[in-house]
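Presented sequentially are two complexes of chain A, the first with chain B as partner and the second with chain C.
== the complex of A and B ==
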């Protein structure tokens, strides 16, 4: 009677197909090979300056994506209001700077607004609101407020100002924004892996009903993770504004510059990092690597002379590809679930 | 004469899991065959194969002496096999007649309601629904009546073999009797019936022959007249009943630890009051929909209530948990009947599952103490015979029995005073069942108060020290010591008409 032994485990891992077992490694090797080919055949790509530029470009989107990773890992899906939160924060910060409130007060104002926006969205999601609908509505409200407050104009403030160190300063040759990105990535990873709050994020994300049954309510979790994500938006907004010494509500939309739409970029970063959309599996380290990966592909395309349309297209393709690949890989290891 | 339907050496695997390891099964004309076995023994797999839903099996399948491959449920219908599933497939917003002829090829495409009703009438009469109008909407029928309508729909195809998969599991006594009467009528017409049931009394009453499945094999096929309850149960379990359940303590426990007073969970008919004693296993017996599960959930703060209070006599407190986290603070652990839904974090490591109810115990100022957590998990794994070397693996790789041990064992992390377990061994194989019973008894011996709710008659009559019975949301009785027999329990949970229901209790 082989099912009756006290410690019989069903080794259902073995039901994975060859592709499910080795698919990720094969895929990563393939990507690395393609990437290396283009990298070595493109002039000026494999240089220290380029690397620094890549990580620097990854920093802003990366910080927002790290914040969003908390939301996704906790099973609360995505905030579709990331760039709008940043928009309202950048206006608030620039208003503060333009009216000579100074860096600290302006930053505090932006962070307070973000925390409030995050708390309200989190509470609505925690009460059972659909995250897509709630944050889409919030996106409209936040952007509307930002555009209204600023009359849709560019708000600029004079240099020198006391936020320049964040926007354009550097530490031992590394831009301060890059340093901030690395520090935030490390802290976020530490919080997720080493604190009981981080454990709760994973537990609730893995199974919300079981989380509730073991005393971990999603209501307070949703509020906390939405505040974290929103404050990351505020920080990015402040850094971005400090860099340009100005602000406008549309700085994070695709019509501004070639960086593309921040909401899409941020979600792409979380996805490309391989975090489970359903929550419970992933890490902010993966998100950070996703940000660097997207940024390096983008930089390569710039050097190859691709137009912005093609670059946005590549980000979209990366989202779709990562959904398919990670869904297929994880189906293998979750067969009994 | 060879049998009308015959399965020879049928095997079925799902990946590494062997659901069937060799089953022989025959059905003759005009015969009622009982298919009995524990949960997970392979009954539903066989039913799926016989009704054409599952074709990925090895072995031989004969219908009327011819080797057959059904291929689809439609072909099964064509050769004359029909199955009534446990879950109803009727559409509640359509009439009885419409449901009966749904997807039925022989009815003209355009057919008036009146004509349809006329066609449905004889079928309803045949299943014993003489008083039910074919024009009534299905959602107005009782659950039992719906089961009979489902059968009427199958009979419309004039099958030779009708498979009834636990037709009475959700029914009261009166409706069950109607099902049994219908089975007898069909048998008299020369039809064959495969009858799957957990209810021993029905098996003995209605079947001519029984095939016992255990662990994916056909263990024995015997005429029902040669069987008695003990023999049937030991064939099902593969061991004597006495070795399945831990011995009950000789001395009844007297220290009342908690009193549940006037607890009235939503969707339950009437409020109940009862005592819970330290060191004792209390059983709440009832069929599906009896309310016993809701009572457990309500005590754990996982089900809304209209009224009720829990008196903790040791700490001199009176409260009713408002939420599961509230219950955990009061050292109450609750396992719901559906561990995959809210009992386990399948995608997380076993160690995280075991420590999940009490993160504050394994953290200091918000920082996880990995060593403390590992020690805690190893302790629990030791007490619940979970392989300590696999604590870092995802809970999803465990078998059903080991998953249930994790779902139960995690409550040790809060050092519970009260443990509530709904369906302690659903979907758990025989060996693990005996072990889980032993662990539950251990916890009681260590002084915890334990309440289990179960619809499994064998379990509820053999594990608890005291049993409270429920019928359709009302308490129907309390059994102590030697009064706890499956007959007494069945009488109280299925046929309480002659009993005084405790409806009026201090309303």
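== the complex of A and C ==
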């Protein structure tokens, strides 16, 4: 993939088996073949409208997943509080809209709350707390706050409001939320690849000791990446609320809608994209493609007439398969995670 | 007597703190609400303990081994669905064996994959979390499954000896068995070893696969039993339910004195931690607190414990570094003194 230089050094004593060398390519070709077969044999699938719908569906989960990719790449695993952060933000936004504060102020409120939640979690993680346990606790608090603030009721606001352009508007026939997804994906990729901040993320994720030795502590990095992830949650919450003109604390839980738990879907997207969960390897482009892939498989299953159980099952299979395949491929090259 | 107490506290301060917290919580609710201090309430607490205790035990063992099993909620839901669905056709005992057996098998496979691929458990179990939900949805055909014959729910909740029911007796028995296993067998010690010092354990010849499979099999078994008891007690099972169990079990495990670094804690800690969560839960229910507010308290409790633990690790590291610096200073001083002595002599 990249320059042949480093590979020449290990070419002589490369202990990887044939399957480990070419397995991923074979697997990807196989998946593509299966996918193409079903895509061409399903009616109304290979149309421009379907493509637009797929990318629009992928957008909400995709934006959150792009935020989470920063956390994962920096070696802090993942946040289990994604959907709860979004729940608190959606309530904050809807409260603002219902009390006529206007779009800008409500958005600012939601983003501020998200940044605060992210900063606190990031600080705890950076001090050495386990990301999973910290965000599990934070998830309980955030969801509780969201439900308590809204009395666990639906908050709705009247239809002609100034957030409509984000929820249901479109630009040259492309929904605005899709445009936002594409813009965020490009910006995130640029930040990761071209700025010094992006390189620091990769450095700390790949080798925390080296990062510390060169003066890049995980403390400030954890705070930064958690704030990025939380602000992405806030943006998704605002867009989702603008679509429905309402909000409730459980809009992102699996009890609402058939898509399943948002947190797990977001983590699934990051994993299916093929980012290393231990950090240091991957890109937001992979995450975006993962989101589009999951969404297109989901759409295909909907057209084939599968119920929600089978779709949740298929996403679960995708995650487990990607974990096992990537772990197997790295088994030869890395002694221990 | 007092010296004995002192040595016990200094040997296991986490457990002492957990017991203190539990007793305080109990006393708080017992004094603030006269309704709390009745046999009926204690029966209800033990009934709830039957469910949460198993989840807490499962997570405690995983954290002792240095890993976290995120899939216990899904595993329990799957087991509940299977048990309730087949209870009418096959009889309750067979369906319990089937459901719990499947859950144990799932845990065993998870443990094997984790040890074979050398991945972290959180990575794999977050995948199985979703996969098992899908299987549960599939197995229940996305509906709430229900019993038609209510003999078993009645049997499970029969009250005897004032406080106990068959469910809670079974769970207490399981606690004793797992406690003995962890304390007195080689396999139990291996689990502690791979948690506290994995590299050293592997270097001294522990095969990672065996303890990992045992831990995750027990975790799967506990999750399965938990699901079976909940399913049979209420007579219904929902494929999307039981998500809250992970948070409750984590809080219980951390109050019980496990360390996220692994190798610490024990079955008694799991018991005490679960009881603390239980008292809090039951007491708050008496004060008419909605479920989401209980979540806030649980989250705050968990974060507090984590902050304390992180701070103590940081403090310990700092103390170690300081004492190391002190030692080098002293050694340098000594060296200088001897050198000076020699120098003076030679002059």
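To be clear about the criterion, the second predicted complex is superposed on the first by the 318 of 337 C-alpha atoms of A that agree within 3 Å, B and C clash if a C-alpha of one lies under 4 Å from a C-alpha of the other, contacts with A are read in each partner's own complex, and residues count from 1 in each chain.
Note that a contact is a pair of C-beta atoms (placed from the backbone, for glycine too) under 8 Å apart; a residue touches a chain by one contact, two chains touch by 3 or more.
What you are looking at is a predicted structure, and each value in this text was computed from that prediction instead of being measured.
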item: Which of chain B and chain C A:280 touches, first, second, both or neither; value: first
item: Touched partner set for A:195, first chain B, second chain C, both or neither; value: first
item: Winner by number of chain A residues touched, once chain B and chain C are compared; value: C
item: Contacts of A:206 with chain B and chain C, given as first, second, both or neither; value: first
item: Partner chain(s) touched by A:216 [first = chain B, second = chain C, both, neither]; value: first
item: Which of chain B and chain C A:324 touches, first, second, both or neither; value: second
item: Partner chain(s) touched by A:300 [first = chain B, second = chain C, both, neither]; value: neither
item: Footprint overlap on chain A, comparing chain B with chain C; value: 336-337
item: Residues of chain A that touch chain B when the two form their complex; value: 1, 3-15, 194-200, 202-203, 206-207, 209-217, 276, 280-281, 333-337
item: Chain A residues touching chain C - in the complex, by the definition given at the top; value: 77-78, 124, 127-130, 132-134, 136-145, 147-148, 152, 249, 254-255, 260-261, 264-265, 267-268, 271, 277-278, 307-317, 319-320, 323-324, 327-328, 331, 336-337
item: Complex interface listing, chain B residues touching chain A; value: 15-17, 215, 238, 302, 323-325, 328-329, 334, 336, 340-348, 352, 356-357, 359-360, 362-363, 366-368, 385-387, 390, 394, 396-399, 401-402, 410, 429-432, 435
item: Residue numbers on chain C that touch chain A, as the complex places them; value: 68, 70, 113, 117-120, 122-124, 126-135, 137-138, 140-142, 239-240, 243, 246-247, 250-251, 254, 260, 290, 292-296, 298-303, 306-307, 309-311, 313-314
